[in-house]
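Several structures are given next for inspection.
The following pair of complexes shares a single chain, chain A, combined with chain B in the former and chain C in the latter.
Presenting the complex of A and B:
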């Protein structure tokens, strides 16, 4: 008790000491976040090699957005439109796929004896790099031109008497094929978080419902779902952010060709393949703007939680 | 805490009349759940199983359209100094494994069990077929081929790639654990003006796509002469990382402040308190941070690709593997062997420390 009276804050601290501890974070923030973010915005208004404003690239008689010319490309060019539509497809299918499958596994695993093994298997793909996963799945989807089908999926199709499919070059099918890889990799993440949340549902309430004659399904949707709902919304927003940033799978497996372009991959191509710094920066800014609402939601929720702590 | 309804005492007392019906329903439910679970697990394991199986097959085994699932090769029989394939021949409703000596309208076969019997003539059951011997399926014997690993190592020097990756990952891990501990301690135990704003910005960096900040960061590192070296992959981690700071902060906040106060009364400085009070209690969180970073660095592809461009000697495994993928598409066995070697270490570490790993995901995921 005496200690509390003597120490108004948790610990007697000098003026400088606290800053010493937080300094690395400030350093990293300014060098790697604040400066790059501002610089990216500046570059997005500049021309191809940062020698003039973007408006210099305008040609008389053609549509031009002046200094925002790079944004005209980022928002209206056909390839970017494809990327937007694909990103939307990714969000719809991958977020629902990972969350629903993760929930299913979490619920099932909760009831079996080999729970930790089952969860480890589902989680395992997360421990594998995108590169490794990309190579494995490229081989799974392999399409041989002749009789020989060494890809797993086409071997299976042939076994069932069907015609082999070129999974990665057929438009629409290839997007689904890539999303399947995404679901394979990220379901473990959703499962882990949802599983922890399901375990926090008080058993007494579930027992009481069962005693009253509720079926497992009724108990699940009437009790479990409402209790884990806040966690589910966080998982969903986090996954939306992750999917908006999706890059590696597309880069490794199709390089964005055959109609599989996504925003982040387009940005990379503009930067390192076409050396269009201005356009790449404009796409980056667009990507940030798309992510901000989800980010805002997550941070607000985090602050609410901090307040109740 | 798994609660199966059948064993719950409360349950059985209240629902005696329903016992039989419930038991049946429970059985079908359990069977259905088990089946569903097994299907999902198999679907998730399949790509890895296929990776493993392909890595122990040679090119011929991979491309043989009739070969069974497991790595197998055809069996030969030596007859008068020459090799002939063994085939499965249906004789009187029985399958015999005989050597196919002469392929013709009337083929000649030999029973290896009974070679003295001499050549057996065989025409198949349908005389209208031109080449009846084509109906005979070759005999396969399961035989894994281990040469892919050595061949892959020969092609891309996997040991060098693994060594490079290990050095980058290990140094970065040491850096980020130390730095993140300090920063997290600063955020939980001190009153820093504007602390919340700083913290929120730090959190935003988790969410910001790395591609966004990559361009200027790349230019920055090239300007200070670090292009083509490991430094951009290691040094930034010595200045902490938002994700790890967040994880440690959540953990430090759960350590009672009374312990700090006791240490302070005993005359300990803040640094001493961190080392002797906080760190000894935070091992699970520190382990999780170390593992997360190690995994991140091991699997990171984008940053090394950009920063090490052209300097092949320094490539980590992710970049080396991609190169191999682009160059050796026609050698799937070797490619899969290389991939297997690349993912082996993270997978082993994951299985050893599964609990800390998942705990870390929950802390950063749920409470974010």
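Presenting the complex of A and C:
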């Protein structure tokens, strides 16, 4: 091309030069991401202490997946099936909870004078660590066998004349109780992003809808929601990824007991409590495989959104 | 179709009065243009009529019905916004059908109305496009189309041409005028552009600082402005203003200013008699100042000499920026003029076309 000929020699790059620029990043990525990932996959095929292939753990007469034996555990063991079901519950309730509440707060805060204060309060839990939040909520959910209930919720229940509930050990209730903590923490995140998106909808468009005869609700679901939909999908997928990785709240509050197990907590338990390196690695690989599609979708949506700016 | 009445309407934002005691009757099928500089309250008046702003005081009627507190959707009005405000996620068709769907009109009738509006605006081939795929002019049409399909009692336009380029603006101006003629509906139009107001309106309401200055036909507004503001606002280039002292000599009235003395035609004699010895503001439109060499023979004029500061050739005419003893003024003269920058030129002022204003009240002296 003619344009190419005009580039001064000094500005031309050979085949090697570009690689030099990306080398530091490649180096760091290789050590801290690529190598651990490959090693994790390798370990997932090995036995409990990495002395033989996983097939060595097989017992004659019982089902065995050979070298994929750890995956048989990760996919079919009762505790992991509980974890899968719980993760699914988490996704359904926490994602819908955070997104809907975040949307509600964003819309309502948009119409009040103390908007920034209201939003700051909702966002505040984001600044607390999961562990801190877990401990705070353990107090909220505290269940004492004695007469005096120091847990806020049970104190409330007693005040209203009810029987105290052991929130964190009663199956089903405890999962909901944990999810509430997650929603409490992450609603602020969804609210902030959705609020910015709602504010970007031009006022004139909403006024046009009002003149066209739309009620507040019709304008909201017919105009606002479709316009902010790309942002909503990004928020939803981001939350799905977050929830799939949920660990801290469960670890701190129930340790995964009483039927509250989740994938990430199981992985941690296998690794650092049971010292089952192979099983932990297999669970990690499964978790990655579950998250990748959500991430892929998220990145694609984000690029589409950027392209339309 | 309906008349619109502003009955002593005011709008307050805190301590700021955006519209002050607006009292105005707009007849059925009229094309009324609100015009004025930005912040004069013209858009606020329109938005109160549309139901997008609350009315602080007074009553607005559409037909016989008071519409204070009536929801925009129940006012039977349609509005075209400056930014067009098209729904970005809908096709042109859906944009136009939106209001009709909200009214639960049946699909066949919606289709009929949308296609008819598209035909009127010759944009049938655009119906399946999204707003993003349209040019500014096309978007503007869709915005108008969205109003047409409603078949409302009153059309409101809020500076709909401001975002178009100059050529398209002139073209669309004519199209909207034609639309008004064809639809036979009440049009209320807001603009800051006096040319738009002059060319489109059957009547023009000039506003300033929230106060209605004058309502009249374009011609009356131009020929008989009630005060200095209206005189200066309507017409481009603006009317020239000079401070001038009224004197009486030999049974005639004269005005004397910095570097000129003009004798006043008899028709001004009566209203100006009371001002003898006082200073008034003399207004002369640029087209009433001629190059003396090219002035019409029958002109009842008075010739004086001015220095040419700048000339602007417009093709069919020339704008002369002149100085009379350092007082700048503009003349709009025949393009054959020999005037060149720096030269001195004899100019003739048409004495039959003078305007006089009270200096204190700024009101016209008639």
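Here is the rule we use: the second predicted complex is superposed on the first by the 277 of 309 C-alpha atoms of A that agree within 3 Å, B and C clash if a C-alpha of one lies under 4 Å from a C-alpha of the other, contacts with A are read in each partner's own complex, and residues count from 1 in each chain.
Here is the rule we use: a residue touches a chain if its C-beta (ideal position, glycine included) is under 8 Å from a C-beta of that chain, and two chains touch if they have at least 3 such contacts.
This is a predicted model, so every value here is computed, not measured.
By the touch criterion stated above, A:22 is placed in contact with chain B alone, chain C being left untouched.
Touch criterion met: A:267 reaches chain B, while chain C stays clear of it.
Look at A:275: by the touch rule set out above, it reaches neither chain B nor chain C. Between chain B and chain C, the partner in contact with more residues of chain A is B.
In the superposed pair of complexes, A:205 makes contact with chain C only, with no contact to chain B. Chain A residues in contact with chain B (one complex) as well as with chain C (other complex) are 207, 210-211.
Against chain A, in their complex, chain C makes its touches with residues 50-52, 71-73, 77-79, 81-83, 85-89, 98-99, 102-103, 132, 146, 150. Chain A contributes residues 202, 204-205, 207-215, 218, 222-223, 226-227, 229, 308 to its touches with chain C in the complex. On chain A, the positions that touch chain B within their shared complex are 3-4, 7, 9-13, 17-22, 24-29, 31-37, 39-40, 43, 101, 104-105, 108-113, 115-116, 118-125, 127-140, 142, 147-150, 152, 184, 187, 189, 192-193, 196-197, 199, 203, 206-207, 210-211, 216, 231, 234-235, 238, 241, 244-245, 247-248, 252, 264, 267-268, 271-272, 277, 280-281, 284-285, 287-288, 291, 294-295, 298-299, 302-303, 305, 309. Of all residues in chain B, only 1-5, 8, 10-11, 14-15, 29, 33-34, 36-37, 40-41, 44-48, 50-51, 54, 62-63, 65, 179, 182-183, 185-187, 189-192, 195, 198, 200-205, 207-209, 211-217, 220, 236, 238-242, 245, 253, 257, 260-262, 264-265, 270, 273, 295, 298-302, 306, 318, 321-322, 325, 332, 335-336, 339, 342-343, 346-347, 349-351, 354, 357-358, 361-362, 365-368 touch chain A in the complex they form.
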